[in-house]
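Two complexes, one shared chain (chain A), two partners (chain B, chain C).
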Partner chain A sequence: MTVPKVRQHPEHLEWVGKSIPRVEDPKFLRGRGNYIDDYEVPNMLEVAVARSTMAHAKILSIDTSAAEAVPGVVAIVTSENVADHVNPNPDFGPSPERHTWHCLAVDKVRYMGEGIAAVAATSRAVAEDAAELIEVEYAPLEPLTDMHEALEDDAPLVHEALGSNIPFQRNFVFGDVEGDFAAADVIVRDTLRWGRSGGQPLETVGAVADYDAATGMMTIHANSLTLTHFLFTMANTLRVPSNKLDIHPHPAGGSFGAKFWEVKTAIIAGMMARVTGRPVKFLQDRLDNIANGDHHGSDRYYEVELAARSDGTMLSVRYKVVDNYGAYIQFGVGQHGNSLAQAIGPYRMNSLQYDLTAVLTNKCQQGAYRGFGSEVGNWILERMVDLLAAELDMDPVELRRKNFIGPEEFPYFIPTGNVYDSGDYEAVLAKTLELFDYEGWRRRQAEMRAEGRHVGIGVCTCQERSVFSATEFWFWFDEPVAAPVTSAPESVTLRVDPMGAVTATLYSNASWGNSAETMVAQFVAEELGVHPEDVTIVYGGTSQGMPATGPGGSRFTIMASGAVEGAAQKIRAKAAKIAAHLLEANEDDLVWEDGGFVVRGSPDRRKELAEISLAAHMFKHSLPEEIETGLEAAHVQDHPYTTMPNPERTDLGVFYPFVGHASHMVVVEVDPETGRVEFLDYTAVHDCGTVVNPRSVGGQVIGGTVQGLGTTLYEEFLYDADGVLRTPSFAEYLIPSALDSPTLRVGHNETPSPYTPYGIKGGGEAGRMMAPSAICAAIDDALGIRIRRLPATPERIVEMVDAKD
Partner chain B sequence: MSTHEINVTVNGAAASASVEARRSLVDFLRHDLGLVGTHVGCEQGACGACTVLLDGRSVRSCIMFAVQADGGDIQTVESLAPGADLHPLQEAFRRHQGLQCGFCTPGMLLRSLELINANPELSPEEAREGISSNMCRCTGYQYIVDAVLDAAAEMRGDTAGGDTASGDTASDGEEG
Partner chain C sequence: MKSPPFAYHRAASAAEAAALLAEFGADARILAGGQSLIPLMNLRLASPGCLVDITTAADLDGCGSNGGGLDVGAAARQRSVELHADTLATAPALAEAIANAGQVPVRHQGTVVGSIAHADPSAEMPAAFKAQGGTVRVLDASGSREIASEDFFEGYFTTALAEGELVTGVTLDAWPTGSGHGFLEFSVTAESWPIALAAVLIHVAGGTIDRASVVLGGVAEVPLRRPEAEAILVGAAPGAAAFEAAAEAAAMGIEPLSDSFGSGAYRKKLARVMTRRALTAAAERVGGES
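Take a look at the complex of A and B:
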């Protein structure tokens, strides 16, 4: 694909841009959300999974006799026979055969909490009772949780077949890094550590599976399978033909990435349904979700160098990163593709180096968490920019402004090959400074400091890439690429019924808190002239489905807008033929206006969509011969802007092209005795192109920011040296409460994308991608310290203060 | 496992049942009575997704046994809008987009109702502190606080709810 054509966006929009109340809310407000645990079928069994109590151990034997004797237990599958029932799980990682991943541990356990047996019983309580009676004899192996130890020659091996603990290592160089560093007047260096946190939605992952031996059909209802067009790979795992697997999506009670593609739960449910011949529900409990949910976030150690001239002009950046993936690596190193999509931030730099080492250890594996790794990259770069500002004694705002890519420089190709489609970073900064009253806060800060208060101000200016292309996943393979996938589609079907009422069918697990139904309803309203609340939204199962990728990487709103636009165009094209016939007019003389066709210059000669649709459905023989009955159209929206990586991987092509921007400014007061951080003010201005529903974007920004606050101050999946998970519940894994959360001022700037319908860019992940940078800078400023490790818990803040004194 | 006869009032209707001693109140509501609006998030009383009102006071139905509710008057989210119209509190949550995924919402609504009933003139600080009992992983709480305050005003007859949620339609709309 070459560069897509630049769009002319309509000047007037009827529905896009309005904060209409969300169309999905009435069902949620009534407690009728149809979440996966609300779904039950007759004769259904429930599953509980017995989990490993060891971090790393050979499984010597498993005794299920006591568990089998519990009344109500129907079947048990264990590590010893799981491979008789299912194939390994789908795995996008490099060389999956060298770190094989099953739905239950095989031969040995690789982290505390890994499943060793699945028990199906007449109730969840009985299944849990039985699971506790399963006796496992282990031969303990040396546990490995530290990523640096994992790199040592004599380290215990997580996967013997891999021969090391390094599934991927490569040093990417983009542009003339050596030359740019040689030309630098100043180079700032630091080591930084991003701790492991995760989405932890309040609803866990679940699935209800039903296998029909008569037809061979495996039907699975699930809340976590959104990469719909890859679900054929799960059919292989379950040993059913791909056309005998039918997945039905349920709204997710929160995801934040954690329900992007969580296949293990559905596979266990499917396996147990086949073994028992009965429908089976498996719903994780909170411990399953934290310890064994396959969706921990990034866990990285960086050595970074930023090169600049003495006037503050940034030249180049070198990242050396080690990422602790845990026991498996299901998405390969895709989290680093996200970092590479925007690795120079909003700053004009001509080169960068990215030396990446992935390691495996005895932790739960990583998955997706809001930002998918790019949030880490933002924090790293912003930490370095703050360090450079300190080194040059420049105001952190001025240093950033000086290096911004200018509004006239777009589309801007960054050294990795990705493109930033459009932007106006100066405008975002100016709006933030104004909303926040930066000068005023600097004055008040001086006054408060004079009173002995520890008040700090932090600023960040960061990117949000949106809409990944499948080619992102090429960079960790050499040519020829093992699976050179280029498709990342999203589909919608629109049906106009005889009364003119519109139903939109979605084909991914689209609803996970992201206002997916409201977005689609607003687009349908815009395109077909109906009211958004009159649009019915339904979900298609995969067996009748169309290609879809779902939300993730801030893609759904843009992709759905294109899918609706395309389907609506097809509907209008057919409607125009019918209207021309009904109006006895030439089709070329018809104009689409306010939900109907009108003859140009004759406003009284008009046919509404409902009239046209009634004719289309009911009066076949009053219409021209070639018009088929009905008014329905489907459209597959493929990725709007993808170019191929080069074989040497010195140019990764365009793979994440719609790039938003944001600035956060925050004031904190910190108690140096206790490490408590109090928010005095918080302003966030985001530019995600044309805003579809400002209130919804505001909600995403605020919610994402509070998640970022949790990442910064509290949240961590903490494993000790023995591999024991020290944060197995919400009593230890602390997510922010209302009292921990600031009240934000939110502003929107709108720099439309030239390549998407209406000019939309993704915005769903942005808050979390900015907040850690701004909050850390503010805490540093308050206490005269430098945060180099997240989370900066109260204990760690006090330690930093003590170390300074 | 011993079983016990319990008699409760749920959303205004009498219900009698024989429950296992270990049956949690939320499992009783969801599985025995089919009231699936009450959600289970953590099963340890930390998140508040399972919040219901028992004799007008909020309780965590995941860490309470059904037998402990014997003789009690239970109110779940299903009671708020029995007919076509949403409760003013639900309307306020909708107007302000005080929900995203909707999973914490039933518990948050019942906790908010308890707060407003106890103090119809609650301040923003009191609303924020009051809902800090319940986790929301989506919204960052701000629009929930907005909704609770607006609902309180409407329920005591001060305003007609207003259109605050649509006050930021401008491209550079400011919120908060």
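Take a look at the complex of A and C:
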């Protein structure tokens, strides 16, 4: 595809840009959201999964006789017969046959918590009673959790068929890296470690499945499964024809990426529905979700080099990354495509190297988590920029400012081939400095330090790429894994009924906590002149659905805006024909204005959308012959800006084109004796193009920043050397609450995208993509240490202080 | 996270609770606020066959001064004890310990005596109780007895209670005028479990500490009295030098375990820091003396 045309955005917008109350709120606040836990059907069974207590072991035998005898137990499927019922799970990695993944462990367990049996019973409590009685005989194998050990020649193998623990490895070189490093005056180097954390939704992953043996139809209601247009792959797993699988979305109850592609829960529910002949619910409990939820985030080790001139001009960066993917490849290498999309940050650099080794170990498999890997890349680069500032004794703000890509340089192609569509980083920085009062805080910091207080200031300036394209699923490989898919579409159907009321049908699991319905309602209101609260929003199941991808990579708002825009154009085009007939005017003389058509120059000759729609529905034979009854239109919004990778992979093409920016500035006070970090101030200014709903984006920024705080200071799925998960519940896996969070001052800067409707860019992941960088810099500044490993727990901070003394 | 099946009995009085314990034996557990026991049951770490609910036993409720010390009934909720005027007057260390435990809604459910009887060595209320000193009142089907706070805690979640016994209440002995308390804990987040805590009381007369109590939580299998620290304090003038020395002595020789919250070495360091800061706070609160 070629570069999309540059849009002229309308000067006046009626609804886009207004902080209208969320249209979802009335149902969610009344407890009428229809979460999976609330969704019940008659005769329904519930499932509990017995989980492995070993990290790595051969399964010798499974005895279910005591469990089967528990009154209320209907069926049990175990590791020994799961392959009789389902095929392996869909797998986006290369050579799935070499690291086969089933919904229950087959032959051996590969991490602590992996499912070994699914019990369907008349209640979850009975199912748990029975699951507890299942006896498993294991032959322990050597556990492997350390990614470096996984690379050693004599390491135990997680998947024998793979022959090593490396499912993929690739070294990309973009531009003249060697030349740029040779020309550098200064090269800063460091090793950095990003610990494994994950999104923690209020409702865990769940599904209700019902199999109709008479029709062969498998119907699944699920709160995960966002990547809708790939769900046909689940039909193969469940052994039903693809046109006999119908998946209905329910509100996620929080995802943060964690429910992007969690197929296992729905597969277990589907399998048990088919085995029992009854509807079946499987809703993970918190222990299932943490140990076996397929949503652990990046777990990476980096060796990084940043080359610069002595005046601070950055030239090139080399990343050598090892990523611990855990036991299976759930979702390929998307996490690193996300990093590559903005691998030079907001800084002008002409080359970079990205050398990735993915390893498999006895940990739970990775999924997506807010940032999808790009938040790690941001932290790494910002850590290096701070190191360069220290090396050159430059103010960290000035060093950043000096290297910013200028507002006149857009669209800016980065060395990987991706494009930054637009930006004004200097403006965001200036706004942040002002809102934060950087000079004032530096003064106050000096005063507080004079009192013996350990106060530090941190700054970051980071990118937020948005709207992924599907090419990143395969550009890692010389030959595409399955097929060189080229778009990640989103569709909307708009129906105007005889009274002029509008219903929008969405086809993905859009409601992630991202105000998807509010966004669609605002777009429909903007395009058709109705009130957003009057728009009804419904969801189509996949069997009647249109191509859709759903949220992920901060894409939904933009994709939905294009889909609504396209469908509304079709509706207005048909409405114009009808209005012209009703008004006895020439169609070319009609103007769309405030929700109706008016004859240019004759404001009294006007037809409202409702009048037109009534005619469209009821008066077919009074209208011109070619007009069909009804007023409905669907539109598929394909990815707006994708270009193909070249065969050599020295240019990955455009795959993440709408790139926002943010600056966070934070003041912390640290207790050097305990390692406690307290926030004295926090300012976040974001530029995600045209803001659709400032209040909603502000909420995303605050929520994301607090998640980033947790990632930075304490959240970690901690496995010991034996593969024992030491953080199995929220008693040990600590997440921040309001009591731990700073009061944020949030600002918006708006640099519209030239390529999207209204100029919108994605903003949903932003806070978490910035907070770790700013917070670490502030802690460093407070104590004179350098954080190189996340989370920087209080204990690790104390260790760094002690090591310094 | 569903509990295994269990039977449920509601006792109208302490005597009825004791009778039910006698009837069901080792399979029975007392249910008070349920803030520790119910999660353990849902995690299937505890599976009592029978729960004896004492929360509506009228003779077990209540909290108040008995003239000398503070009596707390087994059904008294933490929040009501925390805010009670007699607690603030007689056992302010307990009030502060409660304020550090869980969130307000949890404290409206949980009971002080339940937390003490649960005997989690990292918990706030056992440490504050032991630091202040007092007695545990115990009942079984055959009669009642008292156990000194010093002798009550025997190990992780283990007390001097015998089978068939329930705690009907505790008494915290009052400290005389001229006393001050300090309670400090360190937890990673505002709502997470404390890694280490210190509960201290000192009494100052004529510019010299003549009585001291130092108890640490989270560092051993019981709330741990630190006699070496107390010995340094008694006879010393309150101040940074004595507090630092006492804090060092308090942390010396303890061997805390490591877990996901922190290593033994970190706990040890925190124990010292919490002790020093708690003593400093206690000195500031000493009334009428300096």
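In the analysis below, the second predicted complex is superposed on the first by the 802 of 805 C-alpha atoms of A that agree within 3 Å, B and C clash if a C-alpha of one lies under 4 Å from a C-alpha of the other, contacts with A are read in each partner's own complex, and residues count from 1 in each chain.
Here, contacts are C-beta pairs under 8 Å (C-beta built on N, C-alpha and C of every residue); 3 or more make two chains touch, one makes a residue touch a chain.
These numbers come from a predicted model, not from an experiment.
In the superposition on chain A, A:794 makes contact with chain C only, while chain B stays out of contact range. When the two complexes are overlaid on their common chain A, residue A:729 makes contact with chain B and with chain C alike.
Judged by the touch definition given at the top, the superposed model places A:285 against both chain B and chain C.
Of the two partner chains placed by superposition, only chain C is touched by A:714; chain B is not.
Ranked by how many residues of chain A each touches, chain B and chain C are led by B. Once the two complexes are overlaid on the shared chain, A:125 sits against chain B and chain C alike. In the superposition on chain A, contact is made by A:737 with both chain B and chain C.
When the two structures are aligned on the shared chain, A:674 is found in touch with chain C, with no touch to chain B. Legend: residue contacts after superposition of the two complexes on their common chain; A:403 is shown touching neither chain B nor chain C. In the superposition on chain A, the residues of chain A touched by chain B in one structure and by chain C in the other are 125, 285-286, 729, 731, 735-737, 739. Against chain C, in their complex, chain A makes its touches with residues 123-125, 128-129, 132, 285-287, 673-674, 676, 713-714, 718, 726-727, 729, 731-732, 734-737, 739-740, 793-795, 798.
Residues 22, 30, 35-44, 46-47, 49, 76-78, 80-81, 86, 90, 93-97, 99-106, 109, 128-129, 131-132, 135-145, 165-176 of chain B are the ones that touch chain A when the two sit in their complex.
Residue ranges on chain A touching chain B, taken from their complex, read 17-22, 24-33, 35, 37-38, 125, 199-203, 251-256, 285-286, 431, 435, 511-515, 691, 694-696, 698-700, 702-707, 729-731, 735-739, 741, 743-750, 767.
Residue ranges of chain C in contact with chain A, taken from their complex: 1-5, 43-44, 186, 188-193, 259-263, 266, 269-270, 273.
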